[in-house]
Structures are given as C-alpha cells and as structure tokens.
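Each structure below appears as structure tokens.
You will see chain A twice below: alongside chain B first, and alongside chain C after that.
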Partner chain A sequence: MKEIISKITKEYLYTLLREGKRIDDRGMDEHREINIETGWIGTAEGSARVKLGDTDVIVGIKMDIGEPFPDTPDKGVVITSAELIPLASPHYEAGPPREDATELARVVDRGIREGDVVNMSELCIEEGEKVWLIFIDMHVLDFDGNLFDACGIGAMAALMDTIVPGEEHEVGEDHPLPINHVVVPTTFSKIKDQMILDARLEEERIADGRLTVTTNEEGHLVAMQKGLSGIFDHEEVMECIHKSVDIGESIREYIRGLSEEKI
Partner chain B sequence: MGMDKDMDLIDEDGLRLDGRKFDELREINIEAGILKRADGSAYLTWGKNKVMAAVYGPRELHPRHAQDPSKAVVQARYNMASFSVPDRKRPGPDRRSVEISKLMSEALEEIVFVEQFPRSAVDVFVEILEASAGTRCAAITAASVALADAGIPMSDMIASCASGKIDGHVVLDLGKNEDNFGEADVPVAIVPRTGKITLLQMDGNLTIEEYEEAMELAINACHEIYDIQREALKKRYSTSIDSYEDLEEV
Partner chain C sequence: MSEDKEVKKRELLLPGDVIEEEDVKPGRGTFMKDKKIYASKLGVKTFRAGYVNVAAQSGRYDPKRGDKVIGTVTDVNSSIWMIDLNAPFPAVLHVNDVPWRVEFGDTASYIDVGDAVLVKISNVDELKKVQVTMDEEGLRKLNSGQIIEIAPSQVPRVIGRKGSMITMLKGYTGCRIFVGQNGRIWIDGDIQGQYLAVKAIKMIEEKAQALGLTNAVEEFLKKETGKDLDLEE
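After this line comes the complex of A and B, so read on.
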C-alpha cells in the first residue's frame, strides 16, 4: 500500500514552501527535535532509541562469533537489517523486508562500512576461522518520515553503546566496541525546486527527490544515496554536501556526549 | 520448563530469586497512546519485559476472500525483535509466535463487538522489544489497552498473567530462571468483569490441587493487572480533558 496525501494538504504544503515556510514552522535546513537514549534494551549488546520528531526507531546490536568472509579473513563482519513493522504505519505489512526496507538498511550499512566506523581488524579472533559478527537490527516503531537519518543516527549511537561480550563467549574480557569514526547521515528532500532537511511524513509524500549524505568528523564524505525519481543539478548537490558537514557536526557532538556520559 | 536445574529458586526465607513472595507480581507499568501513526497504542513494561502494542482499524481487510460478511476479523500479530533475547532471534515468524498470534486473535475477538464492522479488519500488532518470561501475557494485556485506546467498541479488556510451580511451590508470574528451571507454567487470561477464562495453556506437571491453587493466584493477579490497565487509560484521557480545560481558559 502506498502513502497517499490529500490534494488540499499537498497544495497547502506547496504554497507554504513557495513562501519559504514549512508546515511545522521549521527552517529549510532545520532538523526536528532529536532525542537519543542509549542502553535501552537490556538483552542487546548495545542499543539506542532515537526520536526524530514523531519518528521513533530502536536500533539493537547483537554480537556473535562466526566465520569471516573469504576475502577478508582477518576482519569482523557487519550485518545490517531494517524492519518496517506494521506497528509503525498503516501502510506497512508483515513479511520479509521489501525494497524500501532493503534500501534503508543498505544506506545505513554503507555509512557504517565505508565510514570505517568500527575497527574491524580488532574483531578478528582467529584469522580465517573466527571473527566477531555484528548484527545491526533497526526496528521502526512510529513512522513520521526520514527513517534514513533516524536509523543512521541510531545505528551509530548503538554501536558506541556496544560492549563486546568476550567473557560470555570465552574469548577474553568484555570491552567496548573499538570505534574509529563517528559518521552522521543527513537527508534532504527536494520538493519542486526547494530543498528541505529532515522531511516529515507529509513532506516526504510530496517529495520529488531525496539525497542522503553521510559525513565523518573530518568533514569527508563516506556515503551518498540519491532516491526517488526527482533530479538534482550539481549546485544543489554541493549545497546539500556543505550543509551536511555542518549539521552532521552538531549531531555528532550529541552522539559523542552520550558515550562520554557513560564513562 | 524441563531444563536441568542447577540453582535453588526459593531461599530459606521463602523468597524467590528476585526477592518476591509467592503471590507477588513483578512491577508492571502501562502507558496508553504512545504512538502517533497507530489508531491506538500501549507501551507496557513488566519486570524486564518491554512490549509495545498498536491497533489499526476497523479498516478494509485484504485479501478480500478473507473478509467475513457478518463481522470484523481480529488479526493479532505477536512478533519478537531480533535483539529482544540473549541469542539473536532470526527476524520473522516462527512456530511459537504463530501460535501465540492465533491465541491472541481468538482471545481478543471475544471482547470486540465484531458484528458492528462486517467485512473489516481490526489489526493488533505487538512487538516484544525485550523479553524476560511471560511475554504472551504481557502482549495480551498491552493489546487490550491499545484496543481501548483506539476506541474500538468492546465489552471489556482482557487481563493476563501466568502462575506456575517452582521448587514444589505454586507461585505467581514466573521470572526468567523460574520459567527455565521451574516445574510448571500456566498462562491465563480472563475477562475481568465476568471472570471468564479466555486464554489457558499449561505445561509441566501439576496435581489437580496445585492447578486450582495456580488458577486462583493467576486470576487474582489478573484483577490487579486490570486496575493498572484502567489507570493507564484514565491517565491518557484525563490529560486530554486537562488540555481541553486549558483551551477554554484561553
């Protein structure tokens, strides 16, 4: 089932945007209020619940020991999946992940993987035989738009909350997951000619294009994804990239603050 | 049940592993109306269990051949998050959750005035975010509050609780180790206003006398839980009235 929107709401949103306004009075580059709570799930090795406005997601990290991939025998393995469970929206259905959930999981995964977030070499126990597997499971509870940022931020915060359960598996002591970089995704939606950050559901429904830019603390790009059928010109993409670096930095400070609190 | 026991479940003072008495529930908290998209919702914590329930409907039922021209179909889905248990659970339904979903659907159908909504569906989704024994009882308890929060016409809510037997004693609301190492487990759900039983399972080994004792404990606890359910709804809707009064003052 597809998300639908009434003509009158659609026209209202267009009219507002033409005047440079948004439905909830935010600026074009303004996030909704972000709330991150780590350590939320006792049965997980690490977890984070992220509320981005009314969008609500839980990310849980589970770890296990398994075989490495043949081409990276000395590195741990990350497996990322997203579940758009029917609890979260009248339009989600039960069943195996469909293409939107798969794209979401892959975009978050790319940020973590290409951003070199986890020191994967330290997760090797026995080369070619035994390495740590990290399962990143993203569970959407309430869907009010922009799952890419909510899940990406949640995955990052949950990884930083993770304790590797060495004792339980008899391979050494428990220790925090070795983190190299803190990456943050920011997602822009293009509605006609207007770019807006962190679209809420009504805005997402009328968006023509979507661009997610994931950056690290050095201000480098680590992953990007353009979605939907709308098109961007080079200047628009550059504008998103520059904004993403700035906005990413403030979210990064928030995520870092959470793990410092813990220490 | 049935795991080899390597620990005492009751200490010399007659207290259980977590310090509870035989007839004592774990702490239960319920909050109604926590999700925006759902028509009704509830978040329940029960000891270390964390459970979220959402209700959608009455709405059109797909596929159409599943529609019932005389009544609504109540479809409950019990699902465990992969991170809700110590060893990661593979996402998706397994035999256990399919069975629980079926029992929940049947139990809830009894209290909903289904004849008022022919051809439609009332969907109930329950997510177990963290599991620590007794999740099916927690699921039904939370689902009932979410149904009421959705404004679905119903005769009553359902309250649910398990009792069981550990170290030869009949006790209420088994915790994790008690469930694994105990001798019997009896999950029960009742319609509190009539006292009728709407869910009953049992596994383990009980004498008839022990069964009667277990039922008495569970049913008393269900009434206690019913109060918590009603309080959650009152709290949710009294807030709305307060804000309405605020508006009038302006």
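After this line comes the complex of A and C, so read on.
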C-alpha cells in the first residue's frame, strides 16, 4: 500500500525548502547523526548496525564455501539481499522482495562489486572448484528514509568487521576479509529545484528524483543509481558527485576508526 | 508539587496484570474475568468516572466515539470518502455527514484524495468499523498549514493540564493549533511560528516524562521568540 501524504503537509515542506530550511533544521548537504556499531551479531562472521537518524538497519555477513561462477573461476562470490519487513514500516508487507527491496540490494551490491571493495582473487581456494561466498544480508529495523546510505554504510562496516572462518571449514587459518577499498554511498533527493542530502521519510515521500553516488577513498566514482521520475541536469549530477566525495570522506573516516579500534 | 503526585500515580501495567481496586468498573484497555479486572495492554492505569482504564503507552490510535481527529482522505467513491486516521482500520465519511449537499457522484469535487480533514468519530462498532462526521461546528476540511504526527499516548502532554500547554504554544507562536486525539496535530500560521511550534512539540514528545515540562517549554519559547507572555490570567 502506498502512503498518501496530505496536500497541506506537502505544501509546507515546499515552503520550507524555498526558504532554504528543512524540517529537522539541517543544512541541505548535511547528514543526520550516524551511529555505527560493528560486531552486533555474535554468530555472524561480520556485522554492523547503523542508525541514520531514526532509520535503523542491521547488516550481517555470512561466509561459506561453494562453487565459483564459470566465467570467474578464480574469484569469490558476493550475494547481496535486503529485507524490508513489516516491523520497519506499516507500508512494508511480508513476502517475496518487491521492487524497492530489490533496488536497495542491487545499489549496495553495485557499490561493493564495482568499487572492488573485497579482493576477490584472495577468496579463491581451488580454482574452478572451491571459493568463498560472501552473503551480505541487510535487514531494515526502522524506516525513516534513505535506506541506500544506511545499508551501504552498514555493508561496508560489516565487511571490514568480517573474519573469514578458515579453521571451521578446514581450509586454513581465520583471517580478516581482504579489503581493497572503502566505498561510501551518498544519496541526494531532488524536490522541485532543491537538492538535499539524506532525505527523511517525509522528504523522500515528496521527492521528484533521487541520485545515489558511491565513491571510494581515492575520490573515484564507483557506482551511481538514479531513481524516481524527476530529472537531474548535467551540472546537478556533477555537483552531486563532487559533494559525494567530500561527504563520503568523513563517513569513511568513521568506518575506518571502527576497524582500527578493533585491532 | 502537583507534578510529583502525578508521577506517583503513574503505575505501569503489563497485559494480564490484575488490577486490584475496589468498586471500579472495567474501562478501556482492560477486561474482566472471574470477577477480577485485568489489563489488556501495556500502559498506565488511570481512573475516570468509576472506571479503571489502561492508557496504552505506544501503538496506533484506538478510535473512540466523540474524539475529534485529523484524517487524510485515501479514497473517494460516489457516496463515501475513506479516511486514514492512523488507526488500524480506515474510517468512513458518508455524504450525509458533511455540511454540504453533495450530488450523487460529485464527492471528489468537495473533498479529494490527499485532503486533510478535521472530523469527529460518530460511531465505532464491535468490529472496530469507524464512522466519522464533519457535520458539526468547527469540523472542516483543512486548507492550509501543516500536520505533524506524535504518538497518540502523548496527546495529553501536548494539551497540558486544563489546556495550559496548548494555550502557551498558541500564545508564543501566534499559530492556530489543533491537536487531534489520534496524535495528528494541525498547525497554521506564519512560517516562523509554525517552525517554532513544531520544534516545541518535538521537545514535548522527547521529554514527555520529565518533571516541570511546561516550564521547560515556556523557557524555550521565551528564548526563541524574545516574548514574555503572562498566560496565568
């Protein structure tokens, strides 16, 4: 069921944005408070719980041994999935994943895959026969907008928290997952002519367009996803990319800090 | 002083807890079994007119006859409007219950999907089917301003004792404010005032259980507006 937002609430949000304000007093390029806790699930190989304002997600990593894909016989496999459960929002229903869950999983997956986050060659045990499979499972506990950033950050933090369980599977020692790059997604929403970072639920509901930009620590663009029917012109896209590099860096520092603490 | 007493009175009950009180009848949020009264919800025990009630601490709005609430129209057909009240089920507004004379099939030109309405609950049946009416003074379609949502259990906090909180909010912000029993609050006025009112209400929601809440909110409003109103009179 799609939620119907009342016309007067919409108008109020538009009026605020025209005056350069947002409902929660944030700047246009300001994230809500981010809180990441790694190692949240004891039984998982790696996990993270991310709170982005009132949006709350848990990401768990499970490692297993399986067959590689025939076209990449010497590389590990990443499988990403997202669950939008009724607990998170009255508008989510139980059952097979719908369009929004599929999109969420794919956007996060693309950032990790194309960003070359994990050194996949090191995850090969026996070429063409046995490789490590990485399952990234994202569970949304509370939905207050911008799941892309929350899940993307959570997946990154969880991967950095992951220990490959070599001893359990009798293929060598336990060791941390080999990480090449740290990628961070940032999502911009366009409401009328105004672009805002990290939309809350109310803002997301009236947004015309959405652009998720994923960058790595070298300032390289690794993945993008445009959603909804609104349009971004060339300058706006470039603006999003430049901002994403700067904003991504501060979040990256936070994630790095967490994994250093552990050591 | 009086707030201290209130704190003592707030007794939290779990579903299934026995309410050991003499000479009371079971009210909302309770049930009777073997001549004992039990709580059916997680909430605070209250008394009113010989009934003991358990006011739920969280959750959606439980419609009650006579409540004035704010709803959003989710569907229109030729003789009714369906209205979302933040309750488990949608409510029905029939064409006979509006102040206009509506021709059959002409419903959408009066109220359309996405409109906000201020209505009163006229009936709730055993199956929790809710009927609302707009045919009464003060009830209407809301054409300007904005609506924010708080937990229905916090509504008494925003209104305050004998309306002290809401009077203060209105006085300092210069806004027209209506608090629906379903936790939706309508605020209309100039944009600065609305902004301030929203902030103050969020503050009330966050610090709902704190002592001296009214004073804290008054301090905040004084600081933000630079006004000092004497609202006691």
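Structural remarks
The rule is simple: the second predicted complex is superposed on the first by the 263 of 263 C-alpha atoms of A that agree within 3 Å, B and C clash if a C-alpha of one lies under 4 Å from a C-alpha of the other, contacts with A are read in each partner's own complex, and residues count from 1 in each chain.
Simple rule for what comes next: a residue touches a chain if its C-beta (ideal position, glycine included) is under 8 Å from a C-beta of that chain, and two chains touch if they have at least 3 such contacts.
Keep in mind the model is a prediction, meaning the values are calculated, not measured.
For the composite obtained by superposing both complexes on chain A, the positions of chain B and chain C are in clash. Of the two partner chains placed by the overlay, neither chain B nor chain C lies in contact with A:A157.
Once the two complexes are overlaid on the shared chain, A:A48 sits clear of chain B and of chain C alike. Of the two partner chains, neither chain B nor chain C is touched by A:A199.
Looking at the shared chain after the overlay, A:V213 reaches neither chain B nor chain C.
Contact with chain B, but none with chain C, is seen for A:I61 once the two complexes are overlaid on the shared chain. Contacts of A:I23 after superposition: chain C is touched, whereas chain B is not reached.
Between chain B and chain C, more residues of chain A are touched by B.
When the shared chain is aligned, chain C comes close enough to touch A:T9, but chain B does not.
The clash between chain B and chain C in the superposition falls on 146-154, which is one of the stretches 74-82, 146-154, 200-208 or 218-226.
Listed in rising order, the residues of chain C touching chain A in the complex are 72-74, 84, 113-116, 142-147, 191, 194-195, 198-199. Residues 4-9, 11-12, 15-16, 19, 21, 23, 25 of chain A are the ones that touch chain C when the two sit in their complex. On chain B, the positions that touch chain A within their shared complex are 35-38, 48, 50, 52-54, 56, 59, 77, 79, 81-88, 91-93, 123, 125-127, 129-132. Chain A makes touch with chain B in their complex at residues 41-44, 47, 54, 56, 58, 60-62, 64, 81, 83, 85-90, 94, 96, 135, 137, 139, 141-144.
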